[in-house]
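What follows is a short report on a single structure.
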């Protein structure tokens, strides 16, 4: 058991830190959250800078430990996170890298790494929800094309994306998990309609996709027809692994900010609140250790973080909500209800964490069945 | 909505209070908890005193409001609770009163009310647990007798009981709930073996019953053969109604004691603990109101408290455990771990509350299905 | 001691519910949300006509002549319906401020550092609002201003009526969650058939019923400790109820179109109004 | 940064587990429970022979020459097995008290107002025990005395090793609950097929894994804040783990014969030893 870094790792950290110090002051101001083209331009420009500096493929190609250092340092330095490159770098990209043909990798991966192409995700459907495998968007073969009809929901950056990683049902008669296919759909294809979806935060951070007989070339299929569920699981396991590492670092920074604010406004003198913040500190430190543990295991065994990611996500999503509930107590009175105050909007966003990417209820069933070996509940 | 009492009710309270003040000082000292014959003698003598004073049938015959006043006043005065008369007064008695023949009522009820007969309960079985309907103790007809074989668990006062209200399976081929029969078994019948059952509190508050071809006259059956489940539900609904009323009064007295102790030992100055006690005060007050609400509903509609009892039991069992966890914090340090200190032994006993008489998990399913109309889970 | 609703109280509750369903149905709610700080004066007058504000005023003064229990039932319905406006302050002003009882005048009140509905109000009670600055309120149905010099804790009735609104909201989100759990299918069956969902709903109901006991009892006794206990338990039932309802709704609950978030945000606002958690716990502790 | 067990650490853990299974199996545990305050000197010496106490002493002084991570693994196993005796105090005394390292001498220590295993101990460290009076200990496996004048908080290593024991206990009760849930049938199926039970078990595992991250990290860094966080999270994992296990076991868990209560009672004792919840939370807060 070790938490020290090798010389090589420390070198990497030092170089990265130096580079960040040099380039971050030159970044343009952050665009308005509702300015989608502006956000796309900002995020892809940052990705291009990373690429040029040799950090472009860090999420895929680097050893997990280096990736963790990258996430830690960029977050600590206040650098942009993946933003509009999220799906390309962390979902579709890894899937294509693992399951695509040489030609597909050549075609799609470099534009992602260079900040040229933006991808979005078309997995969820209004009626499917947590039961992703019940998706109903249909695709028929028509010569060298699939024809796709249906709708998708919870798609980020759809307004500005070039590509959509899409799950469609190609065999309605097969068992639920067997008739699904993974397609890369060009967002400018005829029949694609994007409608912004307003969430409880008040902003339209997501969109709905309506697909009306959209043609998608068969050549855009990754993996075999009807094998899309397996292909997709690569992406989802990945997501439950270290995807939240940067966020945990960010949460720790928020917690430090809460303590600073509480000391300033006098609420630090309330032991109920102070001890609550102390407990959150213990939790967030432990969650960071859990990431380091999962990364070390993944590095040693060469596999993606698996079910351990469910344990992490369960606790992390809850801790994040606790953190922003505590923030409301630190702010107190009028400030806790003021959307112009730091943390209040994030408190609203945090409400999705126990729902998105598998509800806590689903995660608990995964843990119970796959780690504890309990019989499948019904 | 009213919480005031009628003149008649206040008269009842005044008379009862006067009587309690007169008789309680003359009671003998409480017997040692391990002295079963002593406890039987003490509890039945108390019941006889109640009977002679006209309070003997209060648990059955009085209006629920009067019963509530009775429970409140006896608890506040520190009078004995039902003790060894528990099953006779609160389980078997009400069942016989509701479902027995005139002859059965005449035979069994007066000795219960006069503190002559002690009853125990033979419902639970080691393999049945929360799934009471899966009980396997068998009974065969043999002329004018049933012959009973099997085992029962969690039987209180078995060592000193005269009668046992017993659930047996008389038709193994019928659906689970349909083949069950209710019998009154004399505890001195041949083939009955009682073995004390030590619990985590360290004492043997319960026993196991082993039944080896025990003859029970058919005349001892209450209700029809194979109709015992319905007969029993009368008892169980009763239990979930106001059975805990005295305990809630007692919990409130304990909470007052905790506050007194905390003020004495200085822990009252800790806002974390103080606010925790404040919250418990709110909970216990509300639980008392919930009892008053359930009693008023029962009185108005003439029915036994039904599913509302499940809501009450869910919250009460949790609040009781919280109360004794808080007691450990009030005691602190060495005292919290000392079985000779008040509240520490009760903390251990409180652990059974979320399990006995239907686990919290079962109660939640009852609430979900019967009040909220959710589909039966599997 | 019939601690239960009598026939008149049932009728009152039904009447208020029907009034609100008619005058403040789903479309009106949506319109109010998008309108932000606009208050529907017609609705306000309809509430006045129905006696919502004059409920506890003596009949000889033109009031309805009822008591705190009836007011609690009316405010419970208001909480259910997410009815907007400074209801508590106007109700408390009836008989003191001309026109409040009839719903002609909108009255708000200073509560700590906050004033709600300041721009829409005709009269402000309980404190000084000069220098008040608008807050971008987390609740789209409660415009808020911050005042430089706040007011101390006021009327216990305000605390209780706010608790009653929380109780109504908690009852509503419990009902919404149960209904959604019966109808929404996942994995081939209604999600309410899964214990993880069913038991979440059962917990919501448990908190509602406990809070109901506390709120109704406080309405009968008007005891300050009973009122603090009622606020504490009703706040918890409302906030956790809305959060659990959101969890049952899943992604749908995270959308602006579902009403869940409106209940949660309002519950957050009410939980900080008149008497907060810490104060309520301290009041209940001090009584021990 | 391989923050995971290496092969030697796995072997060490396996070795300790096998030693304890052999020397302190179910029968020995039962005997220890019924014996009350008797300590098995033979077992104590066997622990000494296996290097349990001398684990962190330098090899040149006759120790095993390992570090805090290895000690944490050994104490985790002790917690799993409910191994009785003043293990922490004797481990800390190795190299300071003659015979402690070898298991020839039993060493206890004053911790606040409490001393454990006073009658069985040869040496007492850390405070004055004159006037000590026996406590009827809630844990049948931990005899306790109260001392008139307590000692202040001591060695952070004592805190960490106690946290490691809690972690072991939490892991064990989680495993017990899962196993029982797989085997026990109710309503025609294993109770673990009910989400209410399955998700209880999942929550137990979640707390164990989070506590494991904290305890192992603290063993590597020996940082006082890491140690406080480890104690806080391990205490919670152990106490709530044992309680939830009891709930899964149902009535069977309430019997003296099931080991669940022994884990709960010991977890209660350990949660109050060396550093309690309030202190740990304050240490973690002060570091912010």
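The first chain written gets the first letter, and so on, giving A, B, C and D; residue counts start at 1 in each chain.
In this text, contacts are C-beta pairs under 8 Å (C-beta built on N, C-alpha and C of every residue); 3 or more make two chains touch, one makes a residue touch a chain.
Keep in mind that this is a model prediction, so the values were computed, not measured.
Contact with both chain A and chain C is made by B, D. More C-beta pairs touch across one of A-D and B-D than the other; that pair is A-D. Among the other chains, the CA centroid farthest from that of chain A is the one of B.
Remark: chain A and chain B have CA centroids separated by 53 Å (rounded to whole angstrom). Distance between chain C and chain D, defined via averaged C-alpha coordinates, is recorded as 49 Å.
Here the CA centre of chain A is 38 Å from the CA centre of chain D.
If each chain is reduced to the centroid of its CA atoms, chain B and chain D end up 37 Å from each other.
Multi-chain contact residues of chain A, defined as those touching 2 or more other chains: 270, 272, 275, 361, 364-365, 377-378. Residue positions of chain D with contacts to 2 or more other chains are 194-197, 199, 278. Shown here, the protein chains touch in all possible pairs.
Listing the residues of chain C that touch chain B in their complex gives 1-6, 9, 69, 174, 178, 181-182, 189-190, 192-195, 197-199, 201-203, 205-206, 209-214, 216-217, 219-221, 225-226, 228-229, 232-233, 278, 280-288. Chain A meets chain D in the complex at residues 1-6, 9, 65, 255-256, 258-259, 274-279, 281-283, 285-287, 289-290, 292-293, 295-297, 299-300, 308, 311, 314-315, 361, 363-365, 367-369, 371-378. Residues of chain A that touch chain C in their complex: 124, 126, 129-131, 134, 153-154, 197-200, 202, 270, 272, 328, 333-334, 336-340, 344, 348, 351-352, 354-356, 359-361, 364-365, 377. Interface residues of chain C facing chain D in the complex, by the touch rule stated above, are 194-196, 199. Chain C meets chain A in the complex at residues 112-114, 135-140, 144, 146, 150, 184, 186-188, 194-197, 243, 246-247, 250-258, 260-261, 264, 268-269, 272, 278.
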